[in-house]
Amino acid sequence: MKNIIRENNRRHNELREISFDLNFINNAEGSCLVKFGNTHVVCTATVDDRVPMFLRGKGSGWVTAEYGMLPRSTNTRMQREVSKGGLGGRTQEIQRLIGRSLRSVIDLKLLRERQIIIDCDVINADGGTRTAAITGGYIALYLACKKLLEDRIISKMPITSMISAVSCGIVDGVHLLDLDYFEDSSAEVDANFILTNDNKIIEIQATAEQKSYTQEDFLRMLELARVGTNQLFELQKQALGI
Amino acid sequence: MKNIIRENNRRHNELREISFDLNFINNAEGSCLVKFGNTHVVCTATVDDRVPMFLRGKGSGWVTAEYGMLPRSTNTRMQREVSKGGLGGRTQEIQRLIGRSLRSVIDLKLLRERQIIIDCDVINADGGTRTAAITGGYIALYLACKKLLEDRIISKMPITSMISAVSCGIVDGVHLLDLDYFEDSSAEVDANFILTNDNKIIEIQATAEQKSYTQEDFLRMLELARVGTNQLFELQKQALGI
Amino acid sequence: MKNIIRENNRRHNELREISFDLNFINNAEGSCLVKFGNTHVVCTATVDDRVPMFLRGKGSGWVTAEYGMLPRSTNTRMQREVSKGGLGGRTQEIQRLIGRSLRSVIDLKLLRERQIIIDCDVINADGGTRTAAITGGYIALYLACKKLLEDRIISKMPITSMISAVSCGIVDGVHLLDLDYFEDSSAEVDANFILTNDNKIIEIQATAEQKSYTQEDFLRMLELARVGTNQLFELQKQALGI
Amino acid sequence: MKNIIRENNRRHNELREISFDLNFINNAEGSCLVKFGNTHVVCTATVDDRVPMFLRGKGSGWVTAEYGMLPRSTNTRMQREVSKGGLGGRTQEIQRLIGRSLRSVIDLKLLRERQIIIDCDVINADGGTRTAAITGGYIALYLACKKLLEDRIISKMPITSMISAVSCGIVDGVHLLDLDYFEDSSAEVDANFILTNDNKIIEIQATAEQKSYTQEDFLRMLELARVGTNQLFELQKQALGI
Amino acid sequence: MKNIIRENNRRHNELREISFDLNFINNAEGSCLVKFGNTHVVCTATVDDRVPMFLRGKGSGWVTAEYGMLPRSTNTRMQREVSKGGLGGRTQEIQRLIGRSLRSVIDLKLLRERQIIIDCDVINADGGTRTAAITGGYIALYLACKKLLEDRIISKMPITSMISAVSCGIVDGVHLLDLDYFEDSSAEVDANFILTNDNKIIEIQATAEQKSYTQEDFLRMLELARVGTNQLFELQKQALGI
Amino acid sequence: MKNIIRENNRRHNELREISFDLNFINNAEGSCLVKFGNTHVVCTATVDDRVPMFLRGKGSGWVTAEYGMLPRSTNTRMQREVSKGGLGGRTQEIQRLIGRSLRSVIDLKLLRERQIIIDCDVINADGGTRTAAITGGYIALYLACKKLLEDRIISKMPITSMISAVSCGIVDGVHLLDLDYFEDSSAEVDANFILTNDNKIIEIQATAEQKSYTQEDFLRMLELARVGTNQLFELQKQALGI
């Protein structure tokens, strides 16, 4: 395998330093400051007694997500989306992905007519904000569900399995796990994997940025993603004390 | 394998009836009405002498796409996006996907400072509008490039390989190719594959809609997609006379 | 009279080639692809059980219209209105005109509390899109009403007379019927006539584009419009089989 | 002829009380508070050294108009258009009409690359706001042109003829001149005529509100409009001292 | 004290010419054209039977305000806010200030579930538009309340004290009352005082525009404001006949 | 003096616990996480080589501010402003205040044609977010200026004096320093003071929320503000090491 030197001498199959700072925002029903290296995302879970219009009277709950970036989370200041007059395509794609992923590991019926909103706000961005958001969003969601259970508002834990997410890519011909911004910018292929702790797949997005890739390339990235998410599941368990 | 009865007795690995009606819109530099069964999409290519701001003076071209649906392309009338005050997340996701996919099979330098805009407007929707749009958008793009070449505005065909797209899914445990709206609505897993005629991958999106899936599920869907896109490449070639 | 050479040797009082392709869009309650020469408009009628706020509880129905153009319906690509942040003045004028005209030939009480929305989307534009839209919109409206009648949702045909529309203008001093885009662009006076088959007037709009006109000019245009709409009524009847 | 009793015993062919209060707004290059009975409109003309994009470098000028209503100009308070998120269709139709009409009586070349913006803001509305706005807008435009001439910025008066506007309608079968709001609300036919003082027509809009009308109806309304605008031309001349 | 020459030889502690033209807009429940010199503001009060969402069912009323400027109220034409796509910060600040101030002198309970909307539209601007708007808005509010009382819709006058507002500033080291636009533009300190006729304070806003100021400066401006508002109270009383 | 029990036994003239965490956001030219008790605000300073349009070519710089709140910074989740379609009035008022205040203590000429943007994003809100934002924004601004000086981009420190801000209010008749959210919600009078370390005033805003106040009330609040800002200046100096 060709060699590539990564920041902090990371190996090709090594995650960045990961941390979860639980209950970072006191007001929220669940919250977490998740760090994947220099990518820092504040994730909060809000329990809301109203469900979206299409679910009213159906006896089922909902999980949705919103995603934002502070203007100076990036190296060059970004304009606020409110100033641009609406949510950009990238923001909408990411928040739809976070919501869809988290909904796939929760039994919405157990929530009854109740919505949990996961807000993921990027404080520092250095690549992989969406995978950090999903991984930390899971923590916030778990905490909020636990609170609902402890407050006897729901009678059974609705979360059905653990979920975490990580990016992989091909940079200069080398398959890498958990790309930072610099690596991501020069990647030929960029992929995001959202996996469960029972070895299942929730979502795969794998995009040729500069040139097409082969099935073999794909399978090597999937393997790296398994390595990464297995470590993330351990860290999530430690953080949650489960 | 479990059995499932599809509309028109389609087999699980069979495409719907496909057609390409070239030069459907006279004004455009390239155009095509593509049909995947009852999904009908008007694709046009517009050559524009201006490139986006970030490319000015860089000597390179660009390909971008816009996607829309007529209000009554769907069974229940949809509100126009202009009336809703902005592009929805789904629309933005799809048009970003179309643009990204088509850019991956064109040598942008050969376009010089020139942009090609692919408009994909759905006239009738019956599932798979994004895959039809990419497959038909390729035709429109090809025609526009051919015109640029014939008009001696560019000196070499910039398209580097053929591209087509098809959806796959798992419905009631059965892996299906090219889902219609009814199948898509009840699919457990929904995937879109954008592939090249030299057996490479441009983009994969595979989403668990109701429950997670396995690596084996994934590989069976990828195999179905190969079957489908290989047929699409033949039909594209016939339509273009190449 | 001065002579002017028109495309396809059309005489000054001759319509372009007219066609109505009924049920072009399967999903709609009524639909029609109307062609006035190279001006092609998709018209659909949607029956909606809700009426606008100001009619709720009044026991009367409503007919309204929306108008749009595909980006490449014109020779130079138009920006989508959603991207411009709202409906332009021209679009609003036209859709208000279509709705107002069609409402004038329907007994809204017979619809009960029910709305019919006429969508007119221009696929190809070559002058006279609003007159084609009204003429084709009538067909779509008629088909939707007929369906309501056949489905015994209403008990009596609510349409009270036939309606069609045509433009006239003065180009280089010559009074012309049914202007194409080229003629319209150079017209000194531009007028639209919306007439009924019992020789009545629904709406007249007659505008001096470059110089003022006389009452005699006006009357000659009105006469040409009578000639044109009488032919349109015959073609509408043939298409509808009435 | 059937009889109808109008406010203040007005005859069917009589204008409301008309007045022009010149230079009502000091800051503007030309201004006028025009009153048609209880319809009061502030018209201002602003001379702007920039022309719209499509005219830059063409050596020609432009006249454009904007129209607004104070929230409480109407009997029931209207929401401000900024609060509704955009210009309504009626507003856009009216301001396009005002601009188009005034452009037809000015030699734009004589303005050179210079724009005159006519703002018409309704203070009190009682029917006929668009006709009052055009009639008063002419005064503001004239004053601004006169000022340009006196300041030797232009060398020749660019206005080519006088213009005024008035509404007519059919109420309860009676043809009336200059409808107030109450009459307008119950009119079967509503028409606006924009005429010149040399007996020419600039624009006609004649709409069947409840039922269609005949050619004879139309001609009677046009005759009433001639009576009304001839009086308006006299009053404009007196006001301008010409 | 240093000397400064003001327009019309006004003394440093002298108001501009003030007038109140009551019932300027017939349709409104209360209205007033207020003039502070060349600053002219149309103030109307609208009684609305609906209260904002947060007050429904609480048995209490509300007073709110909206503020606007005609495009040519200023020396250089301003773009309409609807064309800019939303209310600017300055507009929002001013209308919040007007609403808050007027709410502080009314017993909202006495209005029951009823809202009074004060619209303040600037016709001519020459500095001090917000203070004129509050002073005139009080008149409109008073008239509307009086009408509610006379119509026996409320049983007791809800207004608890008189309110008026005036600006002060420091120009070239001199403390001035009621600044016009020219003075305001060159002021080092700019302050607005909203006071009651029982010698109390409703709101103070005092801003260093170019350099900071001392407590003594502040107190001298407050003293000037007392002089000014005491005169305004006399003029308000005369206008209202109380 | 009447007694009131404050959270953590704070005295009426005591600040909450204050801290400044410098360089909290690595990417920014200056940044600080400021805490006033449970009110936490991330302040960043961005140096931008472009000045606003009105300053181009004038040789002077600019300082501006933007303010935002994370959705769950408050006890009940707030909707994002981008979802509401624009900046609310409160947000605009606050960001205008922050920008204006910071501009008053900087010599803009020394910045040359360069803008510093201060972003203040509230992470946790418990009253006094605008005063914390100004106090922390000063730190971010100072750090950015220091960096410009160290990088020899400017030649002289442009900051002319220190600035800090604090709220005061009257709750249940007692004059209090630095109100938390609970106190603020029940305050009769609410005031914000922005003061300099040389005993001068930059801005005062003092609002009667429920009832009017006297001059004596005002002066007691100003005195409390002096006590508070003097402590803030000491803490700012410690944090900056000056």
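Which chain is which? They are A, B, C, D, E and F, in the order written, and residues in each are numbered from 1.
In this text, contacts are C-beta pairs under 8 Å (C-beta built on N, C-alpha and C of every residue); 3 or more make two chains touch, one makes a residue touch a chain.
Chain labels with UniProt names: A, B, C, D, E, F = Ribonuclease PH.
Because the structure is a prediction, the values reported are computed rather than measured.
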Message: Show me the overlap between the contact partners of subunit B and those of subunit E.
response: none
Task: Name the pair in B-C, A-B or A-F that forms the same interface as E-F; by residue number, over half of the contact pairs must coincide.
output: A-B
- prompt: In whole angstrom, how far does the Cα centroid of subunit D sit from the Cα centroid of subunit E?
  reply: 33
Centre-of-Cα separation between subunit F and subunit B, whole angstrom: 51
Query: In angstrom, rounded to a whole number, how far apart do the mean CA points of subunit C and subunit F lie?
result: 60
Task: Give me the residues of subunit B that touch two or more other chains.
output: 85-87
Field: Sequence of chains encountered when the ring is traversed from subunit D in the direction of subunit E
entry: D, E, F, A, B, C
Statement: Residue positions on subunit D within touch of subunit C in the complex are 85-90, 92-93, 95-96, 100, 104, 161, 196, 198-215, 217-218, 222
For the subunit D and subunit E complex, residues of the former touching the latter: 25-28, 31, 38, 42, 44, 46, 48, 66, 68, 70-75, 77, 80-83, 86-87, 117, 119, 121, 123-124
